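Got a structure here, written out as structure tokens. Questions coming.
Which chain is which? They are A, B, C and D, in the order written, and residues in each are numbered from 1.
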Amino acid sequence: MEQIDWISLEQELIALRREFHRYPEPGWMEFRTTARIIEELEALDIPVRYGHAIHTRDKMYGLPSARELEYGVERAATECARADLVESMTGGFTGCVAAIEGALPGPTVCVRFNIDCSAIDESTSPEHRPARDGWRSLHDECMHASGHDAQIAIAIGLARVLCARRSELRGRTVLLFEPASEGLRGAASLAGSLPQDCDYLIGCYIGLSDLPVGTVAAGVHGFQASTKFDVRFTGEASHASDLPETVKNALAAACSAVVHLQAIPRHSEGLSRLNVGTLHAGTGRNIIPGEAVMTLETRGGNAAINSYMEKSAYRICEACAGMHGCTCETTFQGFAGDAACDALFVRAIADTLRNLHGVEAVSEDVAIDCAEDITTLFHAVQSRGGQATELVFETSLRAPHYSSDFDFDEEVIPLAVRCLERIIRGAADYPRGERAE
Amino acid sequence: MEQIDWISLEQELIALRREFHRYPEPGWMEFRTTARIIEELEALDIPVRYGHAIHTRDKMYGLPSARELEYGVERAATECARADLVESMTGGFTGCVAAIEGALPGPTVCVRFNIDCSAIDESTSPEHRPARDGWRSLHDECMHASGHDAQIAIAIGLARVLCARRSELRGRTVLLFEPASEGLRGAASLAGSLPQDCDYLIGCYIGLSDLPVGTVAAGVHGFQASTKFDVRFTGEASHASDLPETVKNALAAACSAVVHLQAIPRHSEGLSRLNVGTLHAGTGRNIIPGEAVMTLETRGGNAAINSYMEKSAYRICEACAGMHGCTCETTFQGFAGDAACDALFVRAIADTLRNLHGVEAVSEDVAIDCAEDITTLFHAVQSRGGQATELVFETSLRAPHYSSDFDFDEEVIPLAVRCLERIIRGAADYPRGERAE
Amino acid sequence: MEQIDWISLEQELIALRREFHRYPEPGWMEFRTTARIIEELEALDIPVRYGHAIHTRDKMYGLPSARELEYGVERAATECARADLVESMTGGFTGCVAAIEGALPGPTVCVRFNIDCSAIDESTSPEHRPARDGWRSLHDECMHASGHDAQIAIAIGLARVLCARRSELRGRTVLLFEPASEGLRGAASLAGSLPQDCDYLIGCYIGLSDLPVGTVAAGVHGFQASTKFDVRFTGEASHASDLPETVKNALAAACSAVVHLQAIPRHSEGLSRLNVGTLHAGTGRNIIPGEAVMTLETRGGNAAINSYMEKSAYRICEACAGMHGCTCETTFQGFAGDAACDALFVRAIADTLRNLHGVEAVSEDVAIDCAEDITTLFHAVQSRGGQATELVFETSLRAPHYSSDFDFDEEVIPLAVRCLERIIRGAADYPRGERAE
Amino acid sequence: MEQIDWISLEQELIALRREFHRYPEPGWMEFRTTARIIEELEALDIPVRYGHAIHTRDKMYGLPSARELEYGVERAATECARADLVESMTGGFTGCVAAIEGALPGPTVCVRFNIDCSAIDESTSPEHRPARDGWRSLHDECMHASGHDAQIAIAIGLARVLCARRSELRGRTVLLFEPASEGLRGAASLAGSLPQDCDYLIGCYIGLSDLPVGTVAAGVHGFQASTKFDVRFTGEASHASDLPETVKNALAAACSAVVHLQAIPRHSEGLSRLNVGTLHAGTGRNIIPGEAVMTLETRGGNAAINSYMEKSAYRICEACAGMHGCTCETTFQGFAGDAACDALFVRAIADTLRNLHGVEAVSEDVAIDCAEDITTLFHAVQSRGGQATELVFETSLRAPHYSSDFDFDEEVIPLAVRCLERIIRGAADYPRGERAE
């Protein structure tokens, strides 16, 4: 068994995190990001699958336009991404799946890491460390503002330590680098790449509550169910002083819909939400708008509530389109169901972590209160008898997630590596079975 | 040829008008009114048709409820209406049709008179002549507030003078006493009683512009097309703190409909109107309304515009009901199309009237700008080659139509009798043919 | 100490309950009801206060119209209510407050009982026991459909047993007979009659969950905050074919308001509700409505949420009125805040009840999930250092509360008397202080 | 008096028209266009005023952004516009005013010509003559699609023929080259450059009804009044799963406004219109929109109706903003009032034209039924006792105005020059005075 030089590793992982931070790429466009991950993994002699091999084409939700995808490919090329790798991902087939085989028999543990960035312009303030120290995002309107750069660094760190100790490793560890997790788009396409025999699935969340590094949650609750979709209203453009009686005003239809979408009755079982995030309609002041496009999302405290919101939204859009002599068309863009972490698995992890150096507080259940498409992977694993959880690695935040000043204490990276390694190494001894509700 | 004692006749007609004024009856409930008309006509040996004989049952639009109709019958009985006559009208078969045959051959002239009252509480002010002089309405919420009492008196006066001179009368004169003209309800049912060979159709309007008696219009333009209908939205009543996600809120549906009914786009061809006159919904503050009922009407500068408004209204109500998980049901209550007076006929009448004592100003075309269901009779007559017009007999008004202080200069009654008699007697010499647009 | 003949008492209380059931009276109109309660109490030599003495005139929310109040007084007279008593309550000053002084020193315990009925037509079905056995409601649209008749019987029974054992009774017991609890109207007016030194306040609820008699809860949680109010929109009535550009359409304003009231955004802290229960507008199909009146209520999982809903509703109504050139006026009709039962008090009661014959299950905290204006009395008592709770006496229900077939197992009446007597007698030994959140 | 070589002139004017057609520039950005006009006029020794000298800065409505204006200047430079001229127009001060002094005393006649293009991508179809023959627009989204290129050519032609015969010309002719007539933006700024003593004002319209060249109208009626403005709703952006109770949703406010803007009641006096041409709101699917911007316009059959629509729109936007806790801000972008051509002037022109070679039909009054900001100039001239009219020069159209295939019979150019020259030369003999309604 090889010794890990933790001090060097920590420095290397932080350097890697900063590299990924400089080259943020949005969902389905993580060309350079994926290529670099593959290079790192192949350097460890880990077999990596990627491109068409790992995706289900008709579940790649919310793909950018062909033009945007092409731009992403070109940009990656100018940023020294290995050409053959980028080539294989053309069209949005980003992300990769790597398997580390232990020398000894044991369970199959999958760990999911997110790799895409957010559509945010990173701060240029001298107070903002990445700006001050020269590793701010090089891409306009792109920023790693929710710690996916840290997730990648953790994953590579984990690969290194597991490989270093492969001789004593029991079972197989599969690292899933999921593209397009923002917008709840990537998990469905990647779900087919989960091994059939997956015993344990783990996801990570970095910095939920602004607690210091050392606080770790072994499980969470409160996954919101959510659906993302677009609605296009189509009428007929005409001149504003023509025949008003023949008008098919798509903007009027969309606005009626917005008013009534806000008015979907509450749900007795819990939280329900709907947001029309954008609406764009019309071509000129004196032209009656023939087209209006809205992007929206529903959320629910559970899947039934979200489904209620979603169906109500469809009904309202259809009715409002019809009322104004227009039609409407809905395009599905992303989804997450609700889910529950498996209690036995969570408890076993908590027990593992309590004894670990650097971990100062372990909770078994914190409220995550957001939508995460890892729930799609949960369902896949749990339906075949596996267990799943999401860990939260707290880390002091310099600004909240999704703000242009987002930054965190990088000590969380080596700590997370250590925690995940210990869990994976201990998993062979974890109890099986009994599913949480 | 009998001499007419005009002075006595005038006194008698005014007395008759005041009698009818005291016993106003709403549409389809003119039981006492019709019975008295029939008595007057039969006293002149004029054959009168009434009851089921003159109506088309499925075109009796906007009938009161069975309970109201029954109440009307009972009230008529207590007010000395001849029992056999009322009996024959049970169920709303009011109004009558009388034919006066001239001794000489000639054209068939039909004259339409309205007989129903308005749903208005008559003024009790001592300034109001009927109140002061003791012939105010005896019926709550019932008032002859648009001169239909005068129309009846004119009709009876006309019958008397025509009968008196029957020996020199050329052709046949048919008097149509139309029930339920308010709300545009009665004409369709009565249209079948128009003689097939009707050459000329005449309607009257009393006091359009507050000009003095002596000003007469031989024709009008600007009949609005209009449709009257009710819409009932049905959802499901439930307690306000129950399961909001199952709500089928009929009030919410109706309110969405009202908002969008106001927003039907204008029409390029002219005037369009829609009014939701009443809305009633709900049973209690903490009960989600399971039912909402609105009464509404559309209007158009022509029939196409009205039809556009009506169809738009149906579409909106359906869409809003569906949007809220409710259903809606429409009940047709009345209708008037647009129409045009026949120019040749109008000119001939104008020529007749110009030479008549008491007539001081004759116009050929004033704007009526309202909806009148006589247009249904116009279409029936004109489609068979006949001609039609509506006369306006001006008379100083003490208050506008449909106000609780409405009253007018009764001199208009004998003048109108004189005018109509002269027109009917002259009609045999009128030109035929050529239809106005 | 006098012996209680429980068997006779039970029969008498059931007979009393059925008498009150036959003469249900709505809020602020409990003339006969109050008179009978006073007679019963005075027969026990208990001093009773009533009429103007116990009410704060400007807090008598949601009073019926003068005409309705007058009708209620007249009806009570025909139903043998003592004239002097009814006279003192004229104008709605119903309800009463009675104090039973124990022979020994001790705490002041107040018990609140409801006395008004619901606006429901009682079932005439032979399956419905009151109908079958001849004690169905004698009043149209009035029914004791939530057990207030039982509350009155329990109160009278409690008065009897406390009086019988007055020599050994420690402290003072105050019975509050609150009028108009339906609609959350009566408590505010009665709050001034709570003794300043009230140590304990108790309310009752009969039959929350259809469990059998013998199940009792010593405390509840989940009081919803709620506000009841009416909104009158005033515009200007005009004829539908007049000048649309001058229209001030009160119905249009109200409908815009309803649409937007449905769309008040959710609240992150919990349950929020709004219901427009009724809307009435307009006088005729062809008249643009000059007035529209809606009755509505808001609810919240806590007082802040309810306040948010209420303020949002005001803002929306004002805006929609202004948008349509109308004005609106709000009339407050009733209110309940949230509240919490005092944990020490609840526990003490639970301990008392657990040892009582006939009580088979005691819980300390059930969810009531509705709005109750006893919370106004809670606040008054708790703000002066007293403690409060609401008990639930379960009893098998033959139909749910507020249904026309509502009926229950009358064994709950003697059981509740027994429980309350034991609590009152034990209260001198209860711990003081420490308030629950 | 110089002889005009009409054949050469016609060819030159058509060539000029095609040159202007290739370089279309939108309102306030007619840099190259104006520079070329000035060159042409100065070549004739006509004094030309331009730049700040002819504009009223605070009436330059609907200016493009600084960035767009700058782009326009730069483009003009690359297209060989004279640098000193463009420099003087920087910031949007386009258009020019030229005066031709006759040798003899006489009236002052002003002729207004439009010079801006429409925001339309010109057709590339080989059926489209400009595309086929190589003089299609060189600018994306810019096209002379309503004949302003013809107006410029006519103006230059007119300048040439008037100069050629200056010795016999009575009075002064002022040519106004108005920028930004599309969107009703330019006239107010230019109105100050009208000579105080303007006796006659003439505008032109090319090809109203697809009649052949030779049909001319000496006057029009039916100028619509219209206002163009933008409304910006400002709320507060927030995350869709945050605190909904604090939401200030600008999109919701805008949509409520759109729904109610559609529902502004009709006007009894005539045509009323409102169009929300574009609405753009929001930044992302899961962000509650903090800003929404709409561009809209109102129209009225007369100025009072348009003002009613405009004021109603402001009221509705304010109310809807307030209802949703947002604010709104309105930016005025353009305006046209109603106006009437002066009957005596129209008749005199008609008489002039009837005798002119090439003119085959002259009407005195055709319905224009659109909004034109020349009405602002009408008012300025008429208020000082001058007379005004707009001529229509018909010309066979290959496609309607504002379509990407718009083209016309260029024979209209020399004909219009001839007509205008004859009118100007005859104007000294026209009657003065008496204003039309």
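Side notes on the structure shown:
Following the convention adopted for this analysis, a residue touches a chain if its C-beta (ideal position, glycine included) is under 8 Å from a C-beta of that chain, and two chains touch if they have at least 3 such contacts.
Predicted, not measured: the structure shown is a model, and the values here were computed from it.
Identification of common neighbours of chain C and chain D yields A, B. Distance from chain C peaks, on a Cα-centroid basis, for D.
We define each chain's centre as the mean of its Cα atoms; on that basis chain B and chain D are separated by 52 Å. Shared interface positions of chain C, i.e. residues touching 2 or more other chains, are given as 244, 249, 252, 256, 259-260, 262-263, 265-266, 273. Listed in rising order, the residues of chain D touching chain A in the complex are 119, 183, 224, 228, 239-241, 244, 249, 251-252, 254-256, 258-259, 262, 273, 275-289, 292, 295-297, 299, 333, 369-371, 402.
Within the complex formed with chain A, the residues of chain C that make contact are 259-260, 262-263, 265-266, 271-273. For chain A in complex with chain B, the touching residues are 242-245, 247, 249, 252, 256, 260, 263, 265-269, 305, 308, 315-316, 319-320, 322-323, 325.
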